[in-house]
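Multiple structures are listed underneath, in structure tokens.
Here chain A shows up in two complexes: once beside chain B, once beside chain C.
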Partner chain A sequence: MVNRQPTLSLQQRRKRSTAVAATWFLAPALILMVIYIAYPVVETFHISLYTWNGISPDRTFIGWGNWETLLQDSRFWQAFINNIKIMVLSILIQIPIGFLLATFLDADSKKFNLFKVVWFLPLLMSSVAIGFLFQYALATNGGLISTISNLLGGKNIDLLGSPDRALYTVIGVIAWQYIPFYMVYFLAGYSGFDDQIYEAALIDGASRSTFIKVIGMPMMKPTIISACIMSLIGSLKYFDLVFVMTGGGPGYATDIMATYMYSTSFKYFKMGYGSTIAAGMFILITAIAVLVRRVLTGKEER
Partner chain B sequence: MRMIVKEDRKSVVAWAIAFVLAALWLLIALLPFLYMVMNSFKGQFEMLVSGVFSLPEALNFDNYVAVINGGFLGYLLRSIIVTSVSLAGMVLISAFASYPLSRMKFKLRGFLYGLIIACMSIPMHVTLIPVFKMTTASGLYDTLWALPGPYVAFAIPMSVFILANFMKGIPVEIEQAAEIDGCGKYRTFFEIIIPLSKAGISTLCIYNGITFWNEFAFVKTLTQSVKAQTLPMAINNFKGEHSVNIPVILAVLALSALPMIIMFCILQDKLVKGMTAGSVKG
Partner chain C sequence: MKFGKMVAILLSILMLIAAIPMAATAETLTLSEEPITLTLWDIATEDPQKSISDAAVQRFMDAYPNVTVEVTHTQNDAYKEKLIIAMSSGQCPDIYIHWGGGPMNEYINSGFAADITELFETYNTVDFLPSAIEQCKYNDKMYAIPYGGIGGCGIFYNKTIFAEIGVEVPTTIAELEAVCDKLVAAGYVPFSLANGSKWTGSMYFMYLATRFGGTEAFAKAVEGTGSFTDEAFMYAASTIQDWVGKGYFPEGVNSLSTDDGQDRQLIYQQKAAMMLHGSWQARSMEADQADWYKANIGYFAFPALEGSTYPQNIVVGTSIGNGFSFNCDGEKLKAAFILATQFFNDDIYNQAQLDANTIPSIVGMGDTIQDQCMQQIWADFSAAPQVQLWYDQYLPPEVGEKHKDLCQDIFGLTMTPLEANQALQDAMAAYNK
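Right after this comes the complex of A and B.
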């Protein structure tokens, strides 16, 4: 090395020292991600080929057995469909309402500060807390909705106990939790606008609604698209809230991939099959994420 | 101050509708909180008898005292420790990684950046069983120190995405001037890049602070006893012990939300500004 160094040009040496520095700077992040993300993902696929209770040292290799079971496991596919329902409805509910709230606040955020603070509150609670809170607040006897219904002369309403309504109730609660996030996200998007655009529109005599339709929406398009992608990936990964609030029940009505994976692995200790569910989840989510990103960014370019 | 108002009848009606809807959403956002706070001051049977909308008979703090005597402060302390350790690790490691990815030219840059960002869509559940196994094998199982590792690892993709975008905006001239003055890559990083990235870093702290504080799946899987558990598990455990005494559980919920609400009130302005700094540059 010492002998070769003088033969290197200054530029080459610079390049090399940059590469060395880059390696050092990137090393901690890469090491941590290999330990906690890359290796576990590979290992999950590996364990999916065994039957294993997670405790005893011996596990039995069964090849594709678990995967064949998974393909025919109606509970898994039901859970996947529930994930998809949550995904579609989350986007349809959260993004428009978040957008409207942000648009309202953007009109005069100083005056509307009280609105902003209160609207933001749900985001500060943990999913676990929200799950328990709504378990009580939506109880059939003495819950908020039932009480309001009684005041209006109606009967008690069973929301979380009814297989038909439970999933939609869950979707409603998720919306309650995450709308503030998209609100702030869009608010941040609005604040990136140049004030001159508003002034120009004002001089041209645009009303606020025309402004939003003609200038606001198109300019917010990249923000809206990335919000959709976030919401989409987020809904495929949901766990805490559903796990706490319904545990996937009643029956399997609100079961999603993550809760099914968790109960299989850590309640019934079928870690082999649990890993298969997790790996299946990985494949499905990655496929959807890649597909949607391609479709959305493709559109954006045109 | 972006009022674009044409003071004709149409816009007055539009504003009226907007205000009604805004007030409605105010109610929807607030009602569960009111329910929680009001009923947390009630006795177990008082709540059943008097209904959810009545004010408590007296402001009695019995439930809150019971919660605090039940070890709540320990959970709080452990949450503070885990969140601060994880935040410190996250900031340092993602700033380290973002620097070369945004400001140096080397062969694998595009590939590594893409790889790290792609990890954003990986659900933690896919890693749960192997991480559980590793944690048991390394002796970290059921200790507080099992948590920061996975927390930081899963926070890196999003953080690098935000911070690398942010660092790209720092003018190259500053760095070049430092280099001419004989400032090495490492000193440049600590003395120029980090101070200039403060706004981006505070965005990361807000995002990830909320996530770490509220994280549930890893704590539930990697710990077993109270001595290693954080606030989300406090809620879970109190629920297990007092499942019929709803007001006590509501008191736990209220108390565990309180630190975040206080933080929010203090940092409110920074929050939206912080979100702006990172979110929509790309």
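Right after this comes the complex of A and C.
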């Protein structure tokens, strides 16, 4: 059986005291997470099994009824496709541009300080302010784009009111808002590089662009992957800018899962079904994020 | 002559006696001395409404020192969510405002609005418009006290532009179309419309449908005995699309937002000549630039449809600006009732509202209003045989929202009239099921 050696007991004691300390240190964060993250998630799934208007004290249990509706709800799946469009285009637009800007800034951090500050500004503004700003800038009558078009002899351009263009317009604004984030993110990635690597590459005769291509990009790969995943999750649960700029309109042209969830819960008084949409979003987003992560990182590690 | 004098005196005494019961049908409601705290939520975040509301509460607290009222003003759009969340978490305020209609019925069904039928019949001191009282009822019971003011909608127009191109105020829809064609030819946008907000476009739909089929077509469609694919609604949707095609509305109509006043801007820039909008726009335009507004802007009711057998002077709008409902009982409910009827809706309050170009939902209240548009609005409202409540307020919330969403499809030409009306009918049928 087990030898009662003093060293082992010491080790055990140490383990135990570490565990106690860990519990104490983790407790505040854990409690907050349980209250504000775990409980709402569980409760959302729970409410999704009921018909409930959101305010009444009694709600009716209907089992999987809401989920069956959700699977056949064309408006939800249309919203999901809009989310996917936002996701793909966000990744394709935001990350390369962010990477380019970061590369540019990294070349000489002191000289380009002004650019750094100016380019960073959009991220400091709240989404609601950006939404209003662009609502005016993109206005069909007297907006920035229409005025430029008029000056060049063209007609007014309807961007946010046209069902064909509204979604892409919104995607453009989202890109304007988030490119600075990825720029800073990649800048931070660059700052993690040891100067020696760059110097060694220079001695070996590498130009700046070869260095980026051959050494920089591969070394940045983990950063790029996590940026992609952040952008992916962010685009799938996007809400604020779309809500402010179009409210999902015109018609349902820019309706995304989160705005649909909002309308259902708070405008249609269908909190039960709204929760089903929220829970459905949770499942979809988690599945897609896990899948993408597998695909991206799996190859690299094996 | 003495006999004549006697008769006159007798007569006047008789009249006084006859008058007494009329003035004193309401008994006086008394409160006990126990301390009471009431919470009140409203949306008066800006002056003049904010100070009018605060003043009413202050006068009440001065008159009843044992009652404390804690007022929370919340911005309009955020208010609706905040109220739902408060109700679901058991923190519903004692007194809260709403807009009547579908959402009010939800609050009532969920048990957050006290039945005040008895209180109202016994103690009410205010001569509310019958249509206003009607709007505070649900299943023949009274659940709210009206306050704020009437809100109809009609067409504001630029008198100067009308004079410039030489047209008169139209009285029929055919005349209206003739005016629009002339405006288009002269390079003006006939109607300023910000349909990003959706309920703004709904006004055209409601008026056209009401002119064609009265309030009956709508009532039947809601009940299920009629349908939203009926002629009246087909006429409304196809007329709108016809007008869109003729260029009666501004470009990018679905992207403009009325909350930011983008429709008023087109009027101010004199690019657009008319605007079908709620009567509260008179207040907003006067606040923006009073002199220009007084000199240039007039108002007329939505024109009549030739050949329709339904009354052509029905007003679309609401007889109550807002209603107060009460989530309390006993002494608290009594106190809340006194506050809502005797301090909101009293002479001081009403005068302040009139000064702010709002006409309280009380008999005779608009007779003294000075504003040129509001005078016409009040005259139309008083003469109207019926008031068609805003569809989006009357309909159950999910159907009302569907109607608003579809208004964007109709104006954006992304659906045919039949597709849009069928979609609305499906939503209504799904609700009635």
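The definition used in the following text is that the second predicted complex is superposed on the first by the 293 of 302 C-alpha atoms of A that agree within 3 Å, B and C clash if a C-alpha of one lies under 4 Å from a C-alpha of the other, contacts with A are read in each partner's own complex, and residues count from 1 in each chain.
We take it that a contact is a pair of C-beta atoms (placed from the backbone, for glycine too) under 8 Å apart; a residue touches a chain by one contact, two chains touch by 3 or more.
Here the structure is a predicted model, which means the values were calculated and not measured.
Peer 1: Once chain A of both complexes is superposed, is A:T297 in touch with chain B (first), chain C (second), both, or neither?
Peer 2: neither
Peer 1: After superposition on the shared chain, which partner residues are touched by A:G251: those of chain B (first), chain C (second), both, or neither?
Peer 2: A:G251: touches chain C, not chain B.
Peer 1: Applying the document's definition of touch, where does A:T140 land relative to chain B and chain C: first, second, both, or neither?
Peer 2: In the superposed model, A:T140 contacts chain C only, not chain B.
Peer 1: Taking the superposition as given, does A:Q12 touch the first partner, chain B, the second, chain C, both, or neither?
Peer 2: In the superposition, A:Q12 touches no partner, neither chain B nor chain C.
Peer 1: A:S126 in the overlay: touching chain B, chain C, both, or neither? Say first, second, both or neither.
Peer 2: After superposing on A, A:S126 lies in contact with chain B but is clear of chain C.
Peer 1: Mind working out whether A:G192 is in touch with chain B, chain C, both or neither, as first, second, both or neither?
Peer 2: After superposition on chain A, A:G192 lies in contact with chain B alone.
Peer 1: Looking only at chain A, is it chain B or chain C that touches more of its residues?
Peer 2: Partner with more touched residues of chain A: B.
Peer 1: Between chain B and chain C, whom does A:G161 touch in the aligned arrangement: first, second, both, or neither?
Peer 2: second
Peer 1: Which holds for A:K270: it touches chain B only (first), chain C only (second), both, or neither?
Peer 2: It touches chain C, and chain B stays clear.
Peer 1: Classify the contacts of A:T60 with the two partner chains as first (chain B alone), second (chain C alone), both, or neither.
Peer 2: neither
Peer 1: Just to be sure I follow: which residues of chain A are touched by chain B in one complex and then by chain C in the other one?
Peer 2: The overlap between the chain B and chain C interfaces on chain A comprises residues 54, 132, 136, 142, 266, 271.
Peer 1: Could you list, by residue number, the parts of chain B that touch chain A in their complex?
Peer 2: That would be residues 1-6, 10-11, 14, 18, 21-22, 25-26, 28-33, 35-36, 47-48, 51-53, 92-94, 96-97, 99-101, 104-107, 109, 112, 116, 119-134, 149-150, 152-154, 156-157, 160, 185-186, 189, 210, 213-214, 216-217, 221, 231-232, 235-236, 239, 246, 249-250, 253, 256-257, 260-261, 264-265, 268, 271-272, 275-276, 279-280, 282 of chain B.
Peer 1: Looking at the complex, which residues from chain A come into contact with chain C?
Peer 2: It comes out as residues 53-57, 132, 135-136, 138-142, 155-156, 158-163, 166, 246-247, 249-253, 263, 266-271.
Peer 1: Please output the residues of chain A touching chain B within their complex, sorted ascending.
Peer 2: 15, 17-19, 21-22, 25-26, 28-30, 32-33, 35-37, 39-41, 43-44, 47, 54, 97, 100-101, 104, 106-108, 110, 112, 115, 117-129, 132-134, 136-137, 142-144, 147, 176, 180, 184-185, 187-189, 191-192, 195, 198, 201-202, 205-209, 211, 222-223, 226, 233, 236-237, 239-240, 243-244, 257-258, 261-262, 265-266, 271, 274-275, 278-279, 281-282, 285-286, 289
Peer 1: Enumerate the contact residues on chain C facing chain A in the complex.
Peer 2: Counting only chain C, the residues touching chain A are 80-81, 84, 87-88, 92, 103, 106-107, 109-112, 195-196, 198, 250-257, 260, 262, 265-266, 269, 271, 397-398, 401, 405-406, 408-409, 412, 414-415.
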